[in-house]
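So, here come the structures, one by one.
Note that subunit A is present in both complexes that follow, paired respectively with subunit B and with subunit C.
Let's turn to the complex of A and B:
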């Protein structure tokens, strides 16, 4: 019997998700033993037309990472949706937009300007990309960039969501085991639309730090104070996104004395991760005086970038207002 | 648009059960007129207002959001309106980064006896939002392409 088919694709992403998959170590041999890898641009040579030639639903499992930044990303999202039985939004970019989604705080034009004409760019002739270029050999095309970065499920229906930047390798291994067991009829896949490979609580819930009453008089950045190894980071005035972020990572960052930055996306029942953070953070500010509150809030240097570091593209507003 | 072709903003107004909703009630009882643009929603306390409510309203068609509650010190739940004050301050900072005009979200305190004050504040807010024009928050279904050509030749 032919093996079930596996695909993995990267849209607007950094490649960290692919590394995370390889980080499952010898488990990758199980993937090879149980699946026929038919399409995985970072690992093997395959052409889009090979995928186009497949019948609908022929790919059993497709892990799609990356956000939708241009029309090529969207075309592949639609193609892989059609050809895949199970499409997983894999990693923060596909789920929430992640770091590439922060570009939604500005305009596409400003992104191009930054990339091609700021002082750190060596571009003496002020050359810009052109979507269409008539070369001697024929017309050349590059993907058309979108004004607003979208998440995968803003473009196509998604079967499962697997969060994380990148998803933790132990979570990937668990999911792969589950899928293999399900293919053998030994396990059942969760209902469609479920979040897989993550916890059902918050990062705070997994964090082993000592918590007492939170009364914050001053916010500080990680380099400004020697951080206590045991005490809750938020209580030390360090912005930590644990309370608005889904569990599943074993609170690795707080364990390493760094605050949670929110990569596992909104906690269960949270629609807008940044809004939940704003709500939680302002609740624990220890002041009733408007002027003092403003002074304390001055310690939060970049609220939108901090609270929506990963979740801007999937947030209620999706992007900054077009000017 | 109203009869005289003037833009009529859609305003979502959050009120608290103990003060500002009663202020609106008092305004009605006293036959004080205020702009019908505001859709009042009653919550038990302004401290119940999750920033998500405000963002949802703005993203789904509201041109402005009015947050109202008891005066500081008068909260039925002792000090939850101080949380509102702090949340509002932080939300405003974030919204500014998102390019939203300051006048689209406003916090107003009104006691149960201040029907007239609430009515005046609502009128003022409606006229300020009207001056800004419609918000029309971007819909994700629409795709616009970036023009990669340099800003000026």
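Let's turn to the complex of A and C:
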């Protein structure tokens, strides 16, 4: 009997998700033993037309990472949706937009301008990319960029969501084990639409730091104070997103004395992680004096980048108002 | 899940139908998904309108009801009851406000129709996610706390005690009686204030159902309607009340005299161990440790030496007592406007400028001058007296509100001055306000018989700088007489400032302590200014008297009695059903981050250390939603305000709104 088919694709993403999959170490051999890897651009040579030639639902499991930034991303998302029995939004970009989604604070044009003109850009002739180029061999085209970065499920229906930037290796391994067991009829897959490879509460649940009632007089950045190893980071004035972030990572960042930045996305049943964080943080500011409150809030240097670092594209607003 | 929604659109006579095309709206609503029936009717709130809904629930088997009409504030309860009568859980009802939010705010019929559609669409989307809720039933502790022992608090306490329930009456000062005990006569009848008050004080002091806690303050209140736990600090009197007979020898023997700034309003002296006035209830004195020679210098103890029962106890400490009550009445009264804040009137600088309480003491037969109206030199009888109305009231620089009592108080002063001194009296007023029973008659009487001059105008200045002949040694009142259109300078010997009433300086803290609201002026906020004047938004906490807003003695007594009646009514029911709109924590999703722990204004949240989660006491919770918003994990849900309900309502509204505009660009 032919092995079930496995595919993995990257759209607008950094490649970290691919590395996370490889980072499952010897477990990758189980993948190879149980699956026929048919399409994985980062790991093997494959052509889009090979996928197009497959019958619908032929790919058993497709891990799709990256957001939908351009028309090529969208085309592949639709193609892989059609050809895959189980499509997983894999990693923060596919789930909620992640860092590329922060571009939704501005326009596509401004993104191109910034990328091709900042001081760190080596662009002596001040060129800009052209979507179409008449080369000697014929007309060349590059994918057309969208104004708004979309998440995978804003484009196609998604079977499962696997959060994380990137998903933790132990969670990937668990999910792979589960899928293999399900294929053998030894386990049942969770109901469609479920979040897999993550916990059901928040990072605080996995964090061993000591917590008490919160009253914040000043927000500080990590380099501004020697951080206590035992006390809750938020209580020390460090903006830690653990309380608004889904569990599943074993609180790795707080364990390493760094604040949670929220990569596992919103907690179950939460619609907008950034809004949750903002309303929680504003609730515990310890002042009734408007001027002092302003001063305390000034300690949050980049609210959008802090609270919506991962979730802007999937937030209630999706983007800044279009020009 | 498929629901059968009934949508009912009220014309509210022409209130709504005059602007909103109710027929078109009803037709449109009938086409909405899940809507089984949509009707419009002249007055949905009428019994015929309600019967229409009840009939549909029963005959069409409606599972949800939306009424588009006035506001939930006005008629939500009406329609909830209507659903309940027809066998539908009242929380499966939703209201869309198309009067206050539509027809009353626009005359444009096109936008009115569109906005009505949006609000109804939101309500229909939301109501589908509404859940059936059952009221929470709790027992009521029959004991009552009354805070404030002025006439209002005394009245409330007596009403409740006479009805057979126990009252704890807490008073900050050494004696109950409040401001009324300081007054000379009361308007408009000119009864002696003490003569009508002291019998009530005595009754309160001896009533078997009243526990008097004077020289005491409430420190902490926990709980909810029917079940409050109260902590009261009894300040150390340094007098053992078990032994004290109130003979007054300690006060006689005490060598230290102090200016009495409270009861005598700074006009007289008291001792370091004292009862504020002879008819004080209770009769036990208190020791003013700050001024007691023994406490300050280590010797004296005259009071202890002479006390025949050994009741003086220098070592006595504050005592905190705790007790349970089911209801609370706040009757904390008022502070007098500090006339120093208007420096041009000279109070505190010019000796013979008095504020109203000082004059009350001056005129009071039991006061420091034995009721003689004389100047501060202690001998001179004034030949002319100016009474300035609205001092600190009806003035945007101080208080914008009318203090309600000053006109009548000033007329009373005018009469008393005339009666006692024969002096020429001038009243400087902006408007004379004498609206209640026998008030205007009193004013007319003063006008006709007392030869009092009335000058209509706001006084600019009271000065002792003489400019014209006849002004030397006088206080000159500079005023524009608006009735003759001239500036006038009127020399007088004495000026009485009819100072306004202000909320207690600590009203805000007291409001917070009892979980009620304060207006911008810091008067306590009643549940409804007309229809529920003594209840507050916190169930089981009532307000009465001036702490709710300026008012005179009859109204204060009325409110004290009204609050008592409300409390007695509640206590008689023995149980109370609480609105089931409460927050709850899903322990599975709570990770014990403790963000919510200090958010609850009702102290309903506790952290369970052993389980590492936070928990909400549903009886304490008032459903305000503060913790729901604060919870970063979405682990707290406010029933009747769930995410599903709110988000679907927004979607419903946007569906209509966005239908009018272009879709957002990709």
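Methods note: the second predicted complex is superposed on the first by the 322 of 323 C-alpha atoms of A that agree within 3 Å, B and C clash if a C-alpha of one lies under 4 Å from a C-alpha of the other, contacts with A are read in each partner's own complex, and residues count from 1 in each chain.
Throughout what follows, a residue touches a chain if its C-beta (ideal position, glycine included) is under 8 Å from a C-beta of that chain, and two chains touch if they have at least 3 such contacts.
The structure presented is a predicted model; accordingly, all values stated were derived computationally and were not measured.
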Q: Quick one: classify A:56 as touching subunit B (first), subunit C (second), both or neither.
A: neither
(Q) Applying the document's definition of touching, compare subunit B and subunit C: which contacts more of subunit A? (A) B
Q: Go through the superposed model and pick first if A:108 touches only subunit B, second if only subunit C, both, or neither.
A: first
Q: Kindly classify A:322 by the partners it touches after superposition: subunit B alone (first), subunit C alone (second), both, or neither?
A: both
Q: Give one of first, second, both or neither to describe whether A:131 is in contact with subunit B, with subunit C, with both, or with none.
A: first
(Q) With both complexes superposed on chain A, which partner does A:202 reach: first (subunit B), second (subunit C), both or neither? (A) second
Q: Go through the superposed model and pick first if A:290 touches only subunit B, second if only subunit C, both, or neither.
A: first
Q.
Which partner chains sit in contact with A:36 here, subunit B, subunit C, both or neither? Use first/second/both/neither.
A. neither
(Q) With both complexes superposed on chain A, which partner does A:271 reach: first (subunit B), second (subunit C), both or neither? (A) both
(Q) Between subunit B and subunit C, whom does A:211 touch in the aligned arrangement: first, second, both, or neither? (A) second
Q: Return the residues of subunit A at which the contacts from subunit B and from subunit C coincide.
A: 146-148, 271, 276, 279, 283, 322
Q: Write out the stretch or stretches of subunit B touching subunit A in their complex.
A: 50-52, 54-56, 58-59, 72, 79, 82-83, 85-87, 89-91, 93-94, 97-100, 135, 137-138, 140, 143-151
Q. In the complex of these two chains, what residues of subunit C are touching subunit A?
A. 588-599, 607, 626, 629-635, 643, 647, 664-666
Q | Contact footprint of subunit B on subunit A as seen in their complex | A | 71, 74, 105, 107-109, 111-113, 116-117, 126, 128-131, 144-148, 150, 154, 271-272, 274-276, 278-279, 281-283, 285, 287-288, 290, 293-294, 297, 300, 302-305, 307, 315-323
Q: Would you mind writing out the residues of subunit A in touch with subunit C in their complex?
A: 146-148, 200-205, 211-215, 232, 234, 242-244, 247, 266-271, 276-277, 279-280, 283-284, 322
